[in-house]
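What follows is a set of structures to go through.
Each of the next two complexes has subunit A plus one more chain, namely subunit B in the first and subunit C in the second.
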Partner chain A sequence: MIRIGDAPRVRRLLIGAALVLTALFLLLPLVAIFAQALMNGIDVYWQNLSDAYTLSAIGLTLLVAVITVPVNLVFGVFLAWLVTRFDFPGRRLLQTLIDIPFAVSPVVAGLVYLLLYGRNGWLGGWLDAHDIQIMFAWPGIVLVTLFVTCPFVARELIPLMQAQGSREEEAAVTLGASGWTIFRRVTLPNIRHALLYGVILTNARAVGEFGAVSVVAGAIRGETNTLPLQVEQLYQDYNTVGAFTSASLLALLALMTLAAKAVLEWRATRRETAT
Partner chain B sequence: MSIRISQIDKTYGYKGHGSKGHGRKGHGHTRALEPIDLDIHDGELIGLLGPSGSGKTTLLRIVAGLEQADSGSIHFGERDVTRVHVRDRRIGFVFQHYALFRHMSVFDNVAFGLTAMPRSQRPSSGEIRSRVMQLLEMVRLQDFAERFPAQLSGGQQQRVSLARALALKPDVLLLDEPFGALDAKVRQELRRWLRHLHEELHFTSLFVTHDQEEALELSDRVVVMSNGRIEQIATPDTLYRQPANRFVFEFLGDVNRIEGDIEKEILTCGNAWVAAPGVENGRQELLLRPHEVRLDEQPSPRAHLPVSVTAVVPVGAEVRLELEADWLGEPWLATISHADFERLAITRGKRLFAQPSRLHRFDTSRPQTLAPLSVS
Partner chain C sequence: MIAHALTWRRERRVLPGFGLSLGISLTFVSLILLLPLTSLVGQLSQLSWSQYWFLITDPRLLASYGVTLFGAAVAAIFNAAFGLLMAWVLVRYEFPGKRLVDALMDLPFALPTAVAGITLATLYSSNGWIGRLLEPLGISISYTWIGIALAMAFTSIPFVVRTVQPVLEDLPAEVDEAAMTLGASDSLAFRRVILPYLWPALVTGTGLAFVRSLGEFGAVIFIAGGKPYETEITSLMIFVKLQEYDYAGASAVASIVLATSLALLLAINLWQGRFIKRLHGGRG
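Here is the complex of A and B:
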């Protein structure tokens, strides 16, 4: 059989092209971020990092992730469980609805939340009367981030749980196990790799979300700026080094996420080949 | 422990729409089980036999509590378990595809039922250990305790699954096509082994199968099902010799048909005829099993059925032949002894005469068996 790329010259050409493109489009920008951030030396980098506003942005970003990830972890598992283990009217509709945050532009999501919870919004009047501020404060940022990241865990779990079926759970219940025991000892171990992957994706998106957050945050420096918003603002202020310093933090987080994913995949394949 | 199933029925439809259980078929509703009555005695091994879609698995799952019947009741001994949750029914269930916990070792799989008990009732870890090892010894897998399910063959996995189901000493053991996914040789071995185990431990068991041989070999009594109904409940012997109706007769083995007009107790079909003692005049269909066909070089005074041999399969204790003739719609199958095969010097294309030793009729209210050769 003759395949394209069988000839050594063609093969070398194709591999070379792939490497060059990867370097150009993926690696170079990454290097550029760190190069820009460290342009004026490590001292300036530290100085920029310890800037009060940047520190506050880091704090807020971490707060958003710390709330979003567990909430969507529980929500995603619950949703996947519901959709794959029970048959009820509207199940398919629910499965489609899960994808709305993927289908809709984050900016639109932000606007919708603004419409709902903003001072002139449907719920905003009531909230205002009770002195609860959601928009232009951290609760609003958390809410839109929850919305944007809610499909990740469920999307990872649903195909896997569908493929695995409910036989092991049925076997466990015939052996007298309670619902919680079944979840903890049978369901959870079977989905743990997919679940971790879903969590990693959720975390990456929660930390990096810009569009939806920028609509509801109101860009109050030191108060409602997350890291991505901080990057943008610093850049607008012609503080290129500062902007890239914050950006380097985000890039670092992304790299750590990718490394975590690679380790997980490596461990999963090693487990499979072992058995 | 005896099992009493009374008036269990089930209709599948869209749940929660309020329109189920009114006996309505049609739109989105399938009647899975007509009201079913079945009494299983203490210590019996019962086979539920039927084609796919006959409702046998649904019935088994209802007995287990994995599915709910629309109405009716189930008793284990004197205990009404109709509304008892699966986990409290004290059953052992063996699944067709084993359903072992894939991330647990063989040991942990078997121990699951014991370790999942509430802390107050749970045996000590030493007791669990010795109980599990004893079970693994029983299924001859004591050397495999630390393996994972994926590292075992199908037959070994099914044995683990049996040990797991027996760990809690269930009153009732339920098996859903337990050997369906295994190859013929392993299946044979496991059957014999299950029979042995059943005699030793004396649990009451109910198993589902679509394999007639398996049902006849294993069961004390066989329940034949089709379309959500019980067709017959009988011992394997009775079932084979006195099938209650045509469905049972056809489901339990190969069947040859002859159809023709009867006049003066003779059935005629083209140039062929056979004596049909006691059958009234008119169009009739008679059936017979392959081993009820004898072959000879000459017609007899009671049968003139010319056939020619189209295929010869000399397998096992008998020789299987395929017979064709102008007067036959579909070819007949005949199984004859190797001695007859040699005596008649049968080859492909050889012309012979068929001599039915028995003929069966099912279009009457009671099944009827005719013996054309022995009637004088």
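Here is the complex of A and C:
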């Protein structure tokens, strides 16, 4: 069969160009992160990692992920169930609203939270009176991260659940199954790959968010620095090796995210070809 | 229409969890999305129109609109070409390391923007791996618009690749064959037959890359340096105003950024919707 662009010359040229550009724009930056982090040897790398401020940044970052990922998982599943299994006025609007965090610059996301919970904000006076600190403390970081990452799970689930339809679940209802049983036994097996991928994306963004978090965190070393903020601060202090050491942890997580995605896709195609 | 209405009535009755999922979704959307966004409206309502106009037309800010729009446009055009090339190569050809290259395309979404930012700034600085090679040629990338466009391009690489790739995969082989048996050359057949087919996906992907680039912050600020009037992007202006406790000014700029990206996103969705309707013969 003849196909466009199948001549060996064209093929070699296009593959060559693609490989060179990929190496230059994607592979080289990735290599540079680890090269910079290990520039002064592995001992300095470990020393930088065990720095008290870096350790506290790792801890805070984990805390943020541990709270935001499950909350957005639950919300994403309920929202996907709502918009794919029921029709009601305002369904379209709800789906559009969920896309807002994708469209908004993260700095704007941080700003609106500052306006609400900050000292001069709407709730600022009340919070102050009750001695509750949200801005420039971890609850603020968790809240903006929830905002920034809330579309991911729903976005993965909605197209899939729409395509699958609700026939299987309706059958389960007529057999007398309860809501929780239907979800666990019928829906969940069908959506588990998409759900897992949504969780992976949520986690990657929750751990790596910078713009929104930097507005509400206040950059208090050892207290409100997440890993990305720690990376920025070390870089601004001209501690390049230190900055890239923290960055290398985030890059490792990014690589794990890519690997997990590749595995999930491979499994999905294998299932498709098997059926 | 009536049949449709009947089905949803039935579905609503049959499947459980409508009240619970509606309650949870609305509570979450109100608390996490709407309430904070309303506070922006509240802040802005304290300004008169002339104050608002004065804030959003500050010359330094106007310069930042130009820098941001230009950088995002260059980044989007680069990604249209690069994304099309990558989608084509990944769908049509087999070569060693293909799966790795495919996986790498998502790196910019997986890598935190601050990490991308310091890495690009280091690579392209005058003593970095790439900057060092470009300096003798008189090309500097750090602290110029090229650096801004480069960082924006990096963070939005996946958009075009990932929107064009599935469309190209679904392209029937007969399309190629028909074009080729008619004696068209590769480039003519691509332009006349393949490109029109990919066009909607290409425009959608490029549009999304553009919107993302307009709002990008973490990846850009390190390589841009933030010289007023020259390399200051609009989201950095919001940040600078906040550090000066100028909440009114920051909110005014934020409203411009928010309105622009929402309008663009809506336009992309409408455009895509029209195309999907056409594909399914008006039933989309």
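Keep in mind that, in the parts below, the second predicted complex is superposed on the first by the 271 of 275 C-alpha atoms of A that agree within 3 Å, B and C clash if a C-alpha of one lies under 4 Å from a C-alpha of the other, contacts with A are read in each partner's own complex, and residues count from 1 in each chain.
Here is the rule we use: contacts are C-beta pairs under 8 Å (C-beta built on N, C-alpha and C of every residue); 3 or more make two chains touch, one makes a residue touch a chain.
Predicted model only: the values in this text are computed from it and were never measured.
By the touch criterion stated above, A:259 is placed in contact with subunit C alone, subunit B being left untouched. By the touch criterion defined above, A:87 lies against subunit B and subunit C together after alignment on the C-alpha atoms of chain A. Looking at the shared chain after the overlay, A:25 reaches subunit C, while subunit B stays out of its contact range. By the touch criterion stated above, A:190 is placed in contact with subunit B alone, subunit C being left untouched. Once chain A of one complex is fitted onto chain A of the other, the partner contacts of A:251 are limited to subunit C, with no touch recorded for subunit B.
In the superposition on chain A, contact is made by A:173 with both subunit B and subunit C. Contacts of A:53 after superposition: neither subunit B nor subunit C is touched. Counting the residues of subunit A that each partner touches, subunit B and subunit C differ, and the larger count belongs to C. Contacts of A:34 after superposition on the shared chain: neither subunit B nor subunit C is touched. In the superposition on chain A, contact of A:211 is made with subunit C only, not with subunit B. Taken together, the two structures place residues 87-88, 170, 173-174, 178 of subunit A in contact with subunit B in one case and with subunit C in the other.
Of all the residues in subunit A, the ones that touch subunit B in their complex are 87-89, 167-168, 170-178, 181, 185-186, 189-190, 275.
Contacts from subunit B toward subunit A in the complex involve residues 14-17, 64, 66, 86-88, 91-93, 95, 97, 99-104, 112-113, 116-117, 148, 150-151, 161, 164-165, 167-168.
Against subunit C, the residues of subunit A that register as touching in their complex are 1-5, 7, 10-11, 14-15, 17-19, 21-22, 25-30, 32-33, 36, 74-75, 78-79, 81-82, 85-88, 94, 96-109, 111-116, 118, 120-122, 143, 146-147, 150, 166, 169-170, 173-174, 178-179, 182-183, 201, 204, 207-211, 214-215, 227-229, 231-232, 235, 240, 243-244, 247, 250-251, 253-255, 257-259, 261-262. Touching subunit A in their complex are the following residues of subunit C: 8, 11-12, 14-18, 20-22, 24-25, 28-29, 32-37, 39-40, 42-43, 82, 85-86, 88-90, 92-93, 95, 97, 99, 101-120, 122-123, 129-130, 153-154, 157, 173, 176-177, 179-181, 186, 189-190, 193-194, 211, 214-218, 222, 235-236, 238-239, 242, 247, 250-251, 254, 257-258, 261-262, 264-265, 269.
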